[in-house]
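Chains: A, B and C, in written order; residue numbering restarts at 1 for each.
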Amino acid sequence: MTNRLEDVLENSGMAVDIVPVEGELNVGPQHPGSGHMRILVKLNGDIIEDVDLDVGYVHRAVEKLGENRNYMHLIPLVERPAILDSIHMNLGYVMAVEKIINVDVPERAQYLRSFAAEVNRIASHLYGLGILGIFLGHSTAFMWGFGDREVWVHILEMLTGARVTNSYIIPGGVRRDLTPAIIEETKKAITYMRKKLEDWKKIFLYNPTIRARLENVGVMTKEKAIEWGAVGPNLRASGVYYDVRKIEPYAAYPKLDFEIPVYKEGDGYARTMVRFEEVEQSLRMLEQIIKEIPEGNILSDRFFKQIPPTRLKKWWEGYRRIVLPGYYASFRPPKGEAVTRVEAARGELLYYLVSDGSAKPYRLRMVTPSYRLINVMRNLAKGSRFADLVSIYGSLDYFPPEADR
Amino acid sequence: MQRPIDNVLNLVKSKFNAQVKAESDARGQIEVDKKAIVEVAKLLKEQGFDHVKSVTGIDFPEQEKIQIVYHVSSYSNPELAKVILALKTYVTYKEPKMQSLYEVWESAWTGERETYEMLGVYFEGHPDMRRLFLPEDFEGVYPLRKSYKIKLEGLFVDKQA
Amino acid sequence: MDILGLLRFYILYPSFFVTVIFPGLVFTLLLLLVTIWFERKAAARVQMRIGPYYASKRLGGILQLVADAVKFVFSEIIIPNEVNPTLYALAPVLMVIASFLPIAVIPLSVIPPSGSVFSIYFKDFYDPDINAGVIAGLFVNYNLLLVLAIESVYPIFVVLLAWSTNNRFAVVGAVRETYLSVSYDVILLMSTLAMALEYHTLDIAKIVSYGIPGIVANPLAAFLFFVAMLMGSSRFPFDISEAETELVIGPYTEYSGFLFVLTMAGSYVGNFIYALVFADVFLWGWYPLSGFPGLVLTVLKAVIVLFFATFMRSVYARYRVDQALRGSWKYLLPLAFASLILGMVVGYVWIR
């Protein structure tokens, strides 16, 4: 089109010199739209020619520290990279430890794990939608995201005792039991969220400005998504039916009835829609869990027996809480290695744990969903407009601390 | 009925000099020499393993070598999606270099860069072999090698009374 | 005439009263605080928050804005190393002046021959077209054109300001502002031209006195003017040149302290001026009042328009610059032509 116009102009004796305007923009680390990283953007006019993600500003060296701490001390550490998604971070690690020490988890604890994970998923998605909103200048979505998230954070607080850094899941089970008060609160929260999602659709999803900013922006085809190794909602928005909860079910997911939303478009809007529908599915799952959760113990008998009877009487029978048995202080698992994966809110989270028989892991590899999005985001941003950088960033729900670990 | 993982492992074993082991229905490992790893990777990709989940380096100071582990799996094949294969190889301290698998699996991009900065293993053929997470002035040492000691504050249970 | 009468004469003299007191400098300064307060409060209401509150619980937190202003005025002004300090300090001042200047020529009310506090100035501000005096800083026959002409200088100073700060985000913001200003100015001018054709005059006072509000006579032009106003004063969804998450704060990135307040004030004042024109031309201005009550009525209408424009923040996200440009050239420009034709037809058939 432009070429033709130029030809016409030249033929009519009005040749126009189009001077390319090139330059680099240093977006971040002190920038409202960069997060904890530096994005080196090479611009040609409004088009991004190349992008270099300078990550690592919030690197916590989880893998190195993992080699220097006991297995139990690592539980609070591994959830720090993504505190808004800490249940999943925790769950994957504990599943790897359980695999090495070979312990079974009671049914009720499995349901509780799924319960906490789904509550956490809703909270995390709302956070992501809020960030996407403010990236596009929609401050209402930002405030709503964080406001509605509070409802779910409150439930997590009632269940686990902490708002975000829960450390709720321990090898062999979970720390606290579900009480009727929490069930009541969850039912209220589900009703509230269902109502609120309608409002969300009106002001955010069907907002013409949001649609204009997300549709056909950052399009990732199915082939590219597979090649770049995209994960989670971003992968599903590109038409790949892949969810660890279905592929390799863990916790109570084999028994729950839920669907995986998949979109073909692969653009930012599809990614946002997938997140929305996942929130709806999570609400469905929570209802099922509340209804179907079996009675029973919440810690494996192997560890439960080790709790002193006096403390058991006070804490378990009194408050429905587990006091950590002495075994946990510095247990030495047998030699071996384990690869576990869970579907965290942003996608597949992989733990690779190598034990050499000592009290500390020999190697802990933690591959978070955002870590795998670094490559995706870098590739997607190329060729898009500068203003789309933030909508790609936001729609991928990339979370720098989680990527840096 | 034969499990899909066995099919793949047997195929690899028949073609290459590799040690294979199926740990369960969903986990398996292949250990090959680093010279053959690109060929093995290509074979695995033909079989449907289309992405790398993680690239891990594990330091073994006594043997003066570093183990590189690629965890590969599949998105497009629902049967293989359940399987995670660990493709393992070793590089020595003397020659911490190996062929990059970027040309086979583009998703190895991040992991190889991280392994390079953390363990000093150079991946030949990687288009962007620079540091990823570490700051610019972090020179000469590789944090994930066992020789790199970090200062730890004692926890109260570890302290002598 | 005693000394008090003399004082009253000079204070109420429209050239002074309109530009300095109401709705001039003093009022605009207060309005700025109230507008930002309203913007924050209204957005808070939509967003499940309370908004500014603790600075003055009884007044709904409005003193928070005063506190903010005081803080801004006394905070350090940081001048970057590689800029020309004179230009750097002058640019925001010039920008505010350019955006504020049109207030001197907008007719805000009429002066009846007797009975009003302004009646003594009847002869000095006599408008032969409507056979009455006009309350305006300076009365000119072609005030509609003059207002828009002066206001359209404003983006040039934004570009100057961005250039003088020597910051890449500022330059990108200025480029966006340039693109936008070209497109919204066309729509703005065409929609007002439609009104001028419709009412057969370029005098705002005559348009108002005609007795038919512009929004009834030509709703299309009213809509276009409003959209162009949003674009021209970087309100949502056209907050494109400032785009916080993309360009930090666009052209104003390097500014701090009082100079930053000026840069921020520029767009609000510009919006207020446009709102005054909108109130006059489309919302019937001071009609049916006159004198001082008429002046208040006009300003009240303008303030409501201004508040409505700021409220857009809690509803919309921002468009991309190419989308805004495509929208304005591809859809709004044909509409502007349509409004022009509508104006001509209505002006021929209905308004004589």
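Structural remarks
Note that a contact is a pair of C-beta atoms (placed from the backbone, for glycine too) under 8 Å apart; a residue touches a chain by one contact, two chains touch by 3 or more.
No experiment lies behind these values; they were computed from the predicted model shown.
Located most centrally within the structure is A, per distance between chain CA means and the overall CA mean.
Among the other chains, the CA centroid farthest from that of chain C is the one of B.
Here the CA centre of chain A is 45 Å from the CA centre of chain C. One finds 24 Å separating the Cα centroids of chain A and chain B. One inter-chain figure worth recording: chain B and chain C are separated by 63 Å, centre to centre, where each centre is the mean of the chain's CA atoms.
Only residues 43, 46-49, 168-169, 172, 236-237, 239-240, 243-246, 248, 313-323 of chain C touch chain A when the two sit together in their complex.
Residues of chain B touching chain A in their complex: 26-27, 50-54, 56, 58, 69, 71, 75-76, 78, 81-82, 84, 86, 105-107, 109-111, 118, 132-135, 143-144, 146, 148, 150, 152, 155, 157. Within the complex, the chain A residues that touch chain B are 55-56, 59, 61, 63-65, 67-68, 73, 225-229, 235, 240-242, 247-248, 329, 339, 341, 348, 350, 352, 354, 362-363, 365, 367, 371-372, 374-375, 404. Interface of chain A with chain C (complex): residues 23, 25-26, 31-33, 46, 133-144, 147, 203, 207, 209-210, 212-213, 385-390.
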